[in-house]
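The same chain A turns up in both complexes below, where it pairs with chain B and then with chain C.
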Partner chain A sequence: MYGFEALTFNVHGGYLEAIVRGYHSGLLTAADYNNLCQCETLDDIKMHLSATEYGSYLQNEPSPLHTTTIVEKCTLKLVDEYKHMLTQATEPLSTFLEYITYGHMIDNVVLIVTGTLHERDVQELLEKCHPLGMFDSIATLAVAQNMRELYRLVLVDTPLAPYFSECITSEDLDDMNIEIMRNTLYKAYLEDFYRFCQKLGGATAEIMSDLLAFEADRRAVNISINSIGTELTRDDRRKLYSNFGLLYPYGHEELAVCEDIDQVRAAMEKYPPYQSIFTKLSYGESQMLDKAFYEEEVKRLCLAFEQQFHYGVFFAYMRLREQEIRNLMWISECVAQNQKSRVHDSVVFIF
Partner chain B sequence: MDTYLILIDSLSSALRQGWLELASARHSMGASRVNSALFDLKSHHASTTLQVENAGMDIELPCFRLSKWASSDGPEKGAKLQEDELLQNKCDSPRLEHHEVQDTRDEGGVSSVTPNNHARKERFKSLSMFGTLVSPKLRATQLSFETALETLVEISNVRASLLRAYDQVQKDLNTTK
Partner chain C sequence: MSGQTQRLTVVPTVTMLGVMKARLVGATRGHALLKKKSDALTVQFRLILKKIVSTKESMGDVMKTSSFALTEAKYVAGENIKHIVRENVSSAALKVRSYQENIAGVKLPKFEYFIDGETKNDLTGLARGGQQVQACRGAYVKSIELLVELATLQTSFLTLDDAIKTTNRRVNALENVVKPRIENTISYIKGELDELEREDFFRLKKIQGYKRREVERQREAAKAYAEEKVAEEMSLQKGISLSSAHDMLSLAAQKDQDWKVDSDGFVLRWISRNAAAAATSPYYSAAWCNAFTGKGTVELLKDQDHEFEKI
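For the complex of A and B:
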């Protein structure tokens, strides 16, 4: 089924695979989540996290804490771990690790461009950017008036340059164009990442194909649901779906014409892996869909650690940490708003 | 008085629900898509305005009226008036309307009191600062805060009438003495 990775993988990737598995063992456990869900204040959360690997990042934060501070410091830990792995990696692992951050880069580009359109200060926008998606000339994005300038002035020297070929126009940037740009870039990025993993072959290709296909399918569902009732046409909606995944191409044809959540459900229930997701939801409901997708994603990411000698563990670890940070954000918000009864609405346990 | 206390309770629960739904939308869409740095600082027309009638007049009771979702393209008075009439009806029977809104939202996640396409378009436009493809959770947040605003206006009207009744009682007591 796979190549002879067991013979050669450890020469270049053995150290980092051991490192990432060590990081993986530091994820929060069921006991940690139980303690956190019972906290009364954000200071209690800080106290419980001080006994975990986040302790050193939060210990110097003064009270009163804010939820965004907790998320920011936990994200810093992820960034430090990522940078350690990236500096130690050789090709092709270093390229693989860089691919993981391109999604954040796209989010940062869109944040700066949208904020500039709304006449916000660039420094303020830069503070809100995700640290994993930063690049040197990001602040120059604020001077661009349309996508052609965006590409020519800034993005031509970044890893996102190849993804712009499908969305370069001279139209001035507005909210709809920016949204289409965001989704077109992300589509191109996912397809490029998929092709890269296929080229790597072996266990990496097998495992990453499954994970990226799930990501593409989830994006297709979210685009369909979020565009219901908007001005986005069916053709434009179809163009935003990726050209791979379980739903490609027939599922996409059905999703493109959906006008409400029940039609989306009907389209998705034809695919057994997604049937189990939608059976958890009642008719007309979409609130718990995100949690159901996150749970399925976490299951697949945890399975990636069951095999050795492939790069999928790096991708899986980054995604699991991001899920953990989302959990901490949600728990902090419920505690801060005194809504602890709702804490289990969105927490996805990772074990 | 009962009406006033019920409205205060409704406001509190609408605001609590709105804030939690906002956190849920942030959780779903990501912090880079839902944050204060995206608020639009360009000058634009207010989509909702508050009108005060009979302000400062001793004889008439002041009346607060909300004009929601005024079009930035040009006034569509028909849609606005319909919206205002709906709100006036809500002012007259706040308890009934509160439960109706609550029940219909529970059933389908969308309020059956939401009027027409104009209001829907203006709602989408006001959320466009977060992107044009936003999660249903963010739309639910918008509805919660909209409900809270309507409740606030109802509270103002009820409070005005309570204060008027109190003044009247004080005058009568002073006259009796």
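For the complex of A and C:
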């Protein structure tokens, strides 16, 4: 439809698209979630999961099972699938797949830097990193004594280097609050990813722009809400908003001056897609906002699978897997803590 | 094994009695005071027990809520949120300190928490999950409050329990061992003193009896002697002794074989039988014999029993 991708896509990407669609059909269905919600103990959950694709990962775990173990093993499965796809990919798909994991990489880097600042053990920190965001020289992050060295020695070689240099000069690295640094990096990453997708063109560009715009807008709303009442100034807040997306630039102006959730709601209701989200919430409530955002995201991700011959399916698949792992974590915690009544509060059905 | 309450081994004197009585008074007063202390402590104990029960129940609820808040935070902000939060901490912001409180004489430890410094985590989860993280933080602060309170209550509970046991032990010891012992000692001392008094009294009475009998006997002897003397005086004046003549005749009638026929033999025999009188005053009896026989001299003959002198 966009540029004759149907002619040439399958040459390089056909195999992997098929693989990823196969993975996609292995996601847990609503029936599975219903079964899991009925479980009484974690062993029941393990039994149900052994009938799904997670079976091989969980069957060797001794009981008593812990919720963190379940999450770990499911993440492990995701990592295995990702690596399998990455090794088979060629350019530009391989770059695209790598882009998907830069978010986790940023989280890991920030975690190790924080831990080093507070003098924690490097090995312990490495164990706490997200597996999708690991890169080879990550352990050397702990060697650097301050941020300047950090950048000079380590980060320059990683794919994250441009994010550091674009948004921060090396003086800022020393003083900035960790959270602000993390969010600045993430903003740079999103913009970079957006540009890359635009370069790819075609269906990929359209679908990915939509998904990334939603991500950027969601972050903007969250930043605004979470920085109400903190010492984050309006200018700082505005600096953290990405420069693309539905809210750019006027929505950002409004959000930057918001001091209250209701003001945020007023600002968002001008945009029809987000208006529907905010009508689900009653006045003054923000607990359900995150779940509403997740639901919207899942809807859009599922739509990505409707089209063929684009890279968006890979991104969508990774995100859907992550949501599934979140669901599993929620269900296991509710079962383990005997809060079965709250199970349906946060489970987002994918199928 | 509650053996017989012995008594203390003491010397049973009056001073000892005074000392024992003082000790009994002390023991009684101590017993009353300790009982009051034990009652006060028991009241406190019951109060604390009730509070512990209610705190534990609310503890269960609060912990459940806070773990669930953590789950919500993990759901929204990602599983790594707990690592991120923990690595951002340099030192604890919430600390606990302990101090002592005095309840009815027992020092109970109490804990209270205070906030020392601030961990800068207002911006944690800025892009997603910030609200949940702050809610989780609030929930856990509340559970820490409850935990500190529960710790205080439980340590006071244990300390009070110990103190009550000790006090009750002392009360029982006083009641069942010390006081009976002292009372037994007192009654023993009193008994001993009474016995000594009775001994003394008895001894006194006995000696009085002896003395009285002595005096009586002497008085009798003196009276008899005095009478005889008077009679003899009279008979000497008259030349004959009525009493002795009467006696002699009767005696002669009685005992013949003892009599030697002598001019003044029967007189001598008679004298020998009244040797006591004769011994006391031979001159008197000799004079008497002379007077009786009309002779000038009397020869006292030796006999088996008595010695006669020849005058």
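Basically, the second predicted complex is superposed on the first by the 335 of 351 C-alpha atoms of A that agree within 3 Å, B and C clash if a C-alpha of one lies under 4 Å from a C-alpha of the other, contacts with A are read in each partner's own complex, and residues count from 1 in each chain.
Just so it is clear, contacts are C-beta pairs under 8 Å (C-beta built on N, C-alpha and C of every residue); 3 or more make two chains touch, one makes a residue touch a chain.
In this text, all values refer to a predicted model and were calculated from it rather than measured experimentally.
After superposition onto chain A, the modelled positions of chain B and chain C overlap sterically. Once the two complexes are laid over each other on the shared chain, residue contacts for A:A161 go to neither chain B nor chain C.
In the superposed pair of complexes, A:S227 makes contact with chain B and with chain C alike.
By the touch criterion defined above, A:R219 reaches chain C but does not reach chain B. Judged by the touch definition given at the top, the superposed model places A:V143 against neither chain B nor chain C. By the document's definition of touching, both partners, chain B and chain C, reach A:E179. In the superposed model, A:R342 makes contact with both chain B and chain C.
The superposed model puts chain B in the path of chain C at one of 21-29, 75-83 or 201-209, which is 75-83. Applying the stated touch rule to the two superposed structures, the overlap between the chain B and chain C interfaces on chain A comprises residues 68, 71, 107, 110-111, 114-115, 118, 120, 125, 128, 130, 178-179, 182-183, 222-223, 225-227, 230-232, 286-287, 290, 326, 329-330, 333-334, 337, 339, 342, 346.
Residues 68, 71, 75, 107, 110-111, 114-115, 118, 120, 125, 128, 130, 177-180, 182-183, 186, 218-219, 222-223, 225-227, 230-232, 240, 286-287, 290, 326, 329-330, 333-334, 337-339, 342, 346 of chain A are the ones touching chain C in the complex.
Contact residues on chain A toward chain B in their complex (touch as defined above): 68, 71, 107-108, 110-111, 114-115, 118-120, 124-125, 127-130, 175-176, 178-179, 182-183, 222-223, 225-227, 229-232, 284-287, 290, 326, 329-330, 333-334, 337, 339, 342, 345-346.
Only residues 16, 19-20, 23-24, 26-28, 30-33, 35, 37-42, 108-109, 120, 124, 128-129, 131-137, 140 of chain B touch chain A when the two sit together in their complex. Only residues 64, 67-68, 71-72, 74-76, 78-80, 83-84, 87-90, 120, 122-132 of chain C touch chain A when the two sit together in their complex.
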